[in-house]
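In the two complexes that follow, chain A is the common piece, with chain B as its partner first and chain C second.
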Partner chain A sequence: MNRMQGATLLKYRDHRYLKVASALVLLAMAAYSLSGKAGDEDFGGTLLGYLLGIAATLIVLILMLYGVVRRRIGGTMGRRQPAKDEKATRGEKPFRAGRLEGATLQGWLSAHIYLGVLLLVLATLHTGFHFGWNVHTLSYVLMLLLIASGLYGLYAYLNYPTLITLNMGDDTLDDLLLMIAELDELAAARALALPDEIQALVQKACRETRVGGKFWQQLSGEQRDCPTHYAVQQLPELSAKYGTHEQPKMIRELYALLLRKEKLLQRARTDVMLRARMRCWLLLHAPLGIALLAALTAHIVSVFFYW
Partner chain B sequence: MISCLLIHVSRTSHGLPVRQAGVVSGETIQLGRGAGCHVHLPDHHVALHHASVRRADDGALYMDAVGDAMLKIDGIIARSVALQPGMRIEIGPYLLLIETAPAGHDIALSMEKVHAPDGHETAVGLRQPVTLEALGYSKRMLGAMLAAGILLLYMLLPMLPSVSQALDKWQADLPVTLNGSWSSGPLAGGHAMFEAKCSTCHKHPFQSVADEVCTGCHTQAGKHLSNETLHKRAFGSMRCTDCHSDHKSRAKLRHDAEKCVACHGDIKRINPDSKLADARDFTVSHPAFHLTVPDGMDAQGVERRVRFRQQDKPLEKSGLKYSHKVHLDKAGISSPEGDTVMQCRDCHRLESSGEHFSAMTMEKTCQQSACHALNFTEPVEGIVPHGSERAVMSRLREFYGRWLADAPENRAQCEAGSATGNACANDLARRNAAATLFRKDTECGECHEITPAANEDVPWKVTPPRINRDWQPGAVFPHARHDTMDCTACHDKMNSQKSADIAMPSIEKCRECHVGKSPVRGKLVSACVSCHRFHNGEGK
Partner chain C sequence: MSENYKIVIVGAGPGGLSAAGRAAQSGISHVLLEASPHLASTIHHFQKGKSVMAEPALLPLRSSMSFAAGVREEILAIWQQEIDQYRVNVRLASQVTDISGCAGDFCITLATGETLHADYVVLAIGLQGNIRKLAVPGEDLPGVQYQLDDPDEFSNETIVVVGGGDAGVENALGLARQNRVILVNRHEEFSDCKALNHERLMAAVAQGKMETRVSTYTECIEALAGDSLVYVAQTPLGQERIACHRVIARLGAKPPRPLLEHFGVVFPNADSTAVPQLSEQYESNVPGLYIVGALAGYPLIKQAMNQGYEVIEYILGNPVEPADEALLRAKFVDVPDVFSVSDGIALLRRNLPLLLPLTTLQLREFMLDSAVLILRRGAVVFNSNDYSNSFYSILQGCVAIETEDGQGEVNVFGLHEGEFFGEMGLLSGRRRSGTAVVSQDCVLVETPRRSMLKLLYSSKGVQRRLDEVSLKRVVRACLDTALPESELDYLVQGAQAKLYAAGDALFCEGDTADGLYLIRRGSVTVSRQREGREVVLAYLPAGNYVGEMALVSGQPRSATVRAASPAEIILLEASRVGEVLGRNTLLRSKVGSQFLENVRDEHTRDEASGHGDSGLVNFLLEQGVGEASDVLLIDYARCIRCNNCETSCADAHDGTSRLDREAGATYAQIHVPTSCRHCEHPHCMKDCPPDAIHRSVNGEVYIGDNCIGCGNCQTNCPYGVIQMAVEQEYHTRSVWQVIFGIGKREAQQGADLPKKAVKCDMCKDILGGPVCVRACPTGAAMRGHPEELLNYAE
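== the complex of A and B ==
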């Protein structure tokens, strides 16, 4: 999705869901302030409290339904494509085509976003601003985390695709990795004839330089003590050290190779980072949704169990 | 000079060895990655100058490792070795075999690269996962685990105590109770002791807390209305918890004042015969105060009270004559101890309840500091007690009887008809009582209203004083909580010269500090229950 699509997402059908959500927010806030309960010790258990709770629960169910709808409409688009073709679909969630009961997936997502923000207001009023160490506040906190991760996701989908395109141009990550591997090979061949110290440096840069990796390594977009970076830093010094009686031309060539590799590495890592940051929230958002459903069930059951 | 026959061994596609021989010679034979070495071993695992072969003094040939390099001789790591035919030397991926040297050569060395060539495979660092999906985290699994944990801890465990009483009792002693996480807030006041045992009040699952649970302990809580029919009509299916909801605050059980307005906002709807005015909010909809004064007893011996609207300015009929102005004079009032400036609290003593004032008495209040001794002066000076008219007269007769007995010539004071001493004493007592004690404006009459009575022995009647204790029995007013104020800020008594003046503040006075349910800056929000009590029965 690019910026234009992002804008469509928020402006879907002339801000239909923004209008719906705003109206409900205003209605809820007006009801809350008119009920005269502000500052009192009331929470969920008043008539308004129950109404807000019921509304919030319904919204949660609608929001969860998006997860189901997304799979069904996404299914008609074809399953996730092989990694090689990912470039073609990268950043485009498959929501352009497909309809479910007359609504596009984009419409669903637009509603999902605005209803999520509406939920924040309704549930907060439902608490009456009373919190404690209990299942009720647990549900609220889970909901906050869920909405926060969702808002982060919105931010990511609106911004990162552009950054990814700017960074990668026409290249794919696989292209970059191939180029890096080629540079490694060339550099290693050059280093064979060079002093052990330089050779070891180049070997380390070839073997231990990393792109991607574990969760945090992907998110950070850098390798701590990157051996290639270290080699680029060290080579001029070593060149001075051995330059008088070794082949200065070969060392210069090696230096040029490593510099090119470092630039490619930076682009490759940035790509991994941007895509990881664009997707990481989902790892939290989806499980939190399920957890919230459980906590909400416990919350509602507890209220009526001890009526 | 060492002459070395160097045999390069390579393999055909069928794995058959191909041997190419050459000769290298020098003072020492150098082996290494470097292009300048006699035996060139181009591989990253080999040092630039890895080893050299030298001739020792005894003529034997030795291979020594150079610098940090290592040799692997027949599987054993070594730094230096005397070369023998048949010996296998591994340097990096290369295997060197010492063969029997043909004539003209000091040594024969075959070399073969036996390990796979390196550098052509993508390094491990470039084969790491580059997408989060490739890490294989399962969102569903994580979600399912979270959900299962939450349902176990916050739904299943809290339900258990209601299944088994023994379990309920056991869990109450745990540092963290099983169903503690269900409590939406702290329990109020004394209820805090039930916090570990929800079943104290929540007897049955999915059933609201019954009134019997409350009245089981709170046996003294009175009904709001004594009339059963009216009570039913007004409160129907209402439960205790409709007004008293717990789990709100440790401080106190909350009272929902909104519920009062449901009836009292339009009281005629509930009870067409009610004499009460409608009240919705203290600031905007509350009737002006009424004052009630005692009016004798009814047939059942219950005090009857008459209710006045405050604006009708009722008067108090206390039977006393008393000027607050005189007593509260800023210049002081004369007393046996000299001029004294009196304070309200010198006479009005707050009861420990903090609401009402102790009844005032002659002895404790008026005769403190020896003020208001009851003297009579005619024909001689004496003191009578503060009591009934009959007691006063008895004391007078006794006094004069003794006075006549002590000095019979005093009989001259008696009237001619008083033949006996007793008759004379009676005569003196009645005469002097009429002249001093029971006059309308001095002695007893200074404070009491005195009327003539048709009684020969005591022909006067002192109106019994009745000071109103509670002007507004339908409300409570905690004087103790208002002790930061001057009494006279609300009760305008400084210039009151008569006991009949009633100095109860009007509702406007209260509204200077108190507002109804809508908060106003600088004022106190006061709900119905700030002044009215629900459970004290009708009229409160």
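== the complex of A and C ==
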């Protein structure tokens, strides 16, 4: 269905930002290879080193700006004065033409991705391939982690949405939880007339079954010792035990309810899992960004004061 | 014996009472004759405790009698008291059977055989003496009634109330308290009833107290065993049979035309809705015989009372201004050579043949709703692709309409004094098909959509005249802009306008060709049978034609064409189209090339549909994309569920998001969120009491500041995209707040705070366009026209 739109993130506007980033990479590499001080201990202090450092810092700031733009794109920026005289706006521009002029977050994100990768090259050259146990290398390592988490994010954004829709179809998580709650009620009502052992099993399944939970549980997409799963496994045995004199029809119906619930549970947990895996990297990416900014500040300040 | 009076007033309704009151006050010899044993018989027959309204609110009351909105009993009591106070000479139970003679010497004969003589006669008999029936088989069955005095008489019954006017709505509301009521309306909207009734009706429907059927026509009524009935009607969804206990039809009343004609009054035409031709002083063609109130085409109490007062003043030779004079004068103030309202009305009558079927009084009402525009040469009235929908009549001057056809060729045709334009946008709900430029200084009358639709509903004569011209224009626009007038006339003869509900087939695969179908309003899909399934091959909106393939090839229909949304189609006869094609080589080659293009398209689509998914097209049509002008879709293969579309929308619109990303249907990775489709014929616009919902020139349907929060639009929207929200002070976070993550957006909620309707306005006031689309980090959200979307979907 990609045809429905102009392009995906990576192909945005005919790879506009790939082109920009590639050009800058080539430029930086050429300059580096021509530089006499390439590989020297104090490469960072040369003109080219400074230039690379300044470029990388600017790019970091642009990348961080993405977080602001994302939250501000619907704000009051660029609000048109309410047209007092409708006729005045007539014929100024054809329908929808103005729309493409406005900044799109997709453009920002596409740029964010390519510039982020570009940063890897610029900063690496800026180091002159010299590392140590200091704040300078700390910034570099933080940046590497940041970029790595971002690349995972790119992978997640490109792949998980489809999986989520395939799993959920037309339903939302709330729909599923509602259906599960309904099944619970039905199952509990059925179980009332059945032996205590079965009733306890069903009640446990109703009370203690969870969807989601803590971070790791969300990521795993399952509940360890899920009571519903346990009930589904146990019921046939109990049915054999009581089936002869209790109502076998009731037990069969109950079993069908539990099976349906288990299937819904699986879908719900898969949904939670996919979403968690699609988002988990943000927990790392954003704090790393802040940390990088701090380390970078320290790096720059120290370079100027203690060189 | 016989008595002599200066003025005899016939009919003691509001108009007659007001006239008699004025006559009594002025000390003129008069008599007020009333056929029934009560004063104000119609109001007397209103439901008990019924509230009587005083519309139109804008119009001031001018009468010797007082009147304000209130309960039936109070109003009757006050009138009775005033009649006594002024010593009005009333004769109840005196039915008039004949009026003869002329000004100064009228002879009025009563049913009792008495005769009266008078210099002047004022007829204020209203319409209620002549109630309109259903005119279908079964109209006189027991259980079918045309009056309802006391709604509490019936309980626990299923009752069908027919008629979307005030009487029908009020009866239905009264009955709905203790019965199941189904209110049937012939029109698509309840535009005939007063605003307050309308509000109550919508509230009752919203609360599930009553059902309605719109665009529904009664077919027949069948009697079943025991007193029950079956009410059979044609609805937009097909025939419906409703088993019920009772059918109450409130279809208004016809003018008692034979009686009036017997008095010598002449009607301008044969339409059943025609009202007698009157002078501005309400004088009929019989000098000295005056007609006021509902019979003159003025059904509202306040209007009738004003006229009753005015008519006496006119007879006395006091030139009073009609109550709406000041309002109208302001409209005509800048028109050259027009010095008074009557000059202006005369100019309308002289220069606008479309409005000829209207009486002077109707013309005044028409003008109350309209605006007069005075434009200089070169001014643009509207641009091609604008989404405006007013209707324009040229009072003076000339206007040129410039249209561009598919090949980029520009055609210009001039319109002169007396012609009208803008009807295509009004009827199709689509963008303007051409640009209207003033080519010679002109005076235009601009009539808003709602008033024009009301006029078309109420006056068949105007509708017919409009149709004659607009049909030709549709043919010209759809087929060929250069077709000569004579050929157009020939084509249009025998053309039929047909209405289709969504899903109805215009024709089916294998049918013999019966003609060419021009789509005037709505849209259609072209589909073909594939392995037992109907596969949609194309979608065509208004302004296109279908059915030419079988005409050109002489073969049976190669595909099925169905209405995708309620559609109005003009069917041109096959033989006439054939002849015109034979005579016009240019048109022939145009249709021919269109035909070849269609064959080629269908070929490629046929191949595509082998492995493609026409289910998606069907899905999108089900979601209302067919009647949309701009839809938000989300490609779920890319949507990372961040809800940034919603949060940004809320940010851009005072804290309330106008879209619900998660709600809405999904099919094959395409999600249609709950968000406005900006329909071609917006359902929300149908019943907005303050007329606050508008369409901007760019097509955005938005709600204006004068929303009163009644919630009609919310009920009417089939897609659930309108919410009622509390108006609040909302501040977006500053950049610093964003950076430091402070200042939460918090919407204040309160059940008792006044709410207003909010909906998507496509960010028309924000540079850069819809925020939902721009705020999507992965480009999953997109907006587009149905043509684009459906073609992509293939």
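Keep in mind that, in the parts below, the second predicted complex is superposed on the first by the 257 of 307 C-alpha atoms of A that agree within 3 Å, B and C clash if a C-alpha of one lies under 4 Å from a C-alpha of the other, contacts with A are read in each partner's own complex, and residues count from 1 in each chain.
Just so we're on the same page, a contact is a pair of C-beta atoms (placed from the backbone, for glycine too) under 8 Å apart; a residue touches a chain by one contact, two chains touch by 3 or more.
All of these numbers come straight from a predicted model, not from anything done at the bench.
In the overlay built on the shared chain, the residue A:Arg275 is in contact with chain B and with chain C. Residue contacts after overlaying the shared chain place A:Asn134 against chain B, while chain C stays out of touching range. In the superposition on chain A, A:Ala298 makes contact with chain B only, not with chain C.
Of the two partner chains, chain C is the only one touched by A:Gly169; chain B is not. In the superposition on chain A, contact of A:Gln106 is made with chain C only, not with chain B. Once the two complexes are overlaid on the shared chain, A:Ala188 sits against chain B while remaining clear of chain C. Judged by the touch definition given at the top, the superposed model places A:Trp216 against neither chain B nor chain C. In the overlay built on the shared chain, the residue A:Ile180 is in contact with chain B alone; chain C does not reach it. According to the touch criterion, the shared surface of chain A, contacted by chain B in one complex and chain C in the other, consists of residues 83, 275. Put simply, chain C touches chain A in their complex at residues 380, 382-383, 385-386, 431, 633, 635-641, 644, 647-652, 662-663, 665-671, 696-699, 732-733, 735, 738-739, 764-771, 773-780, 782, 789, 792-793. Listing the residues of chain A that touch chain C in their complex gives 1-9, 12, 67-68, 70-76, 78-83, 86-87, 89-91, 94-96, 98-106, 108-109, 156-157, 160-162, 164-165, 168-170, 172, 275, 278. Residues 33-35, 42-44, 47-48, 67, 119-120, 122-126, 128-135, 137, 139-140, 142-144, 146-148, 150-151, 154-155, 158-159, 162, 179-185, 198, 202, 205-209, 245, 248-249, 254, 258, 517-519 of chain B are the ones that touch chain A when the two sit in their complex.
The touching residues of chain A, when paired with chain B in their complex, are 36, 39, 41-45, 83, 130, 132-136, 138, 173, 177, 180-181, 184-185, 188-189, 191-196, 199, 203, 206-215, 217-218, 268, 271-272, 275-276, 279-280, 282-283, 286-291, 293-295, 297-298, 301-307.
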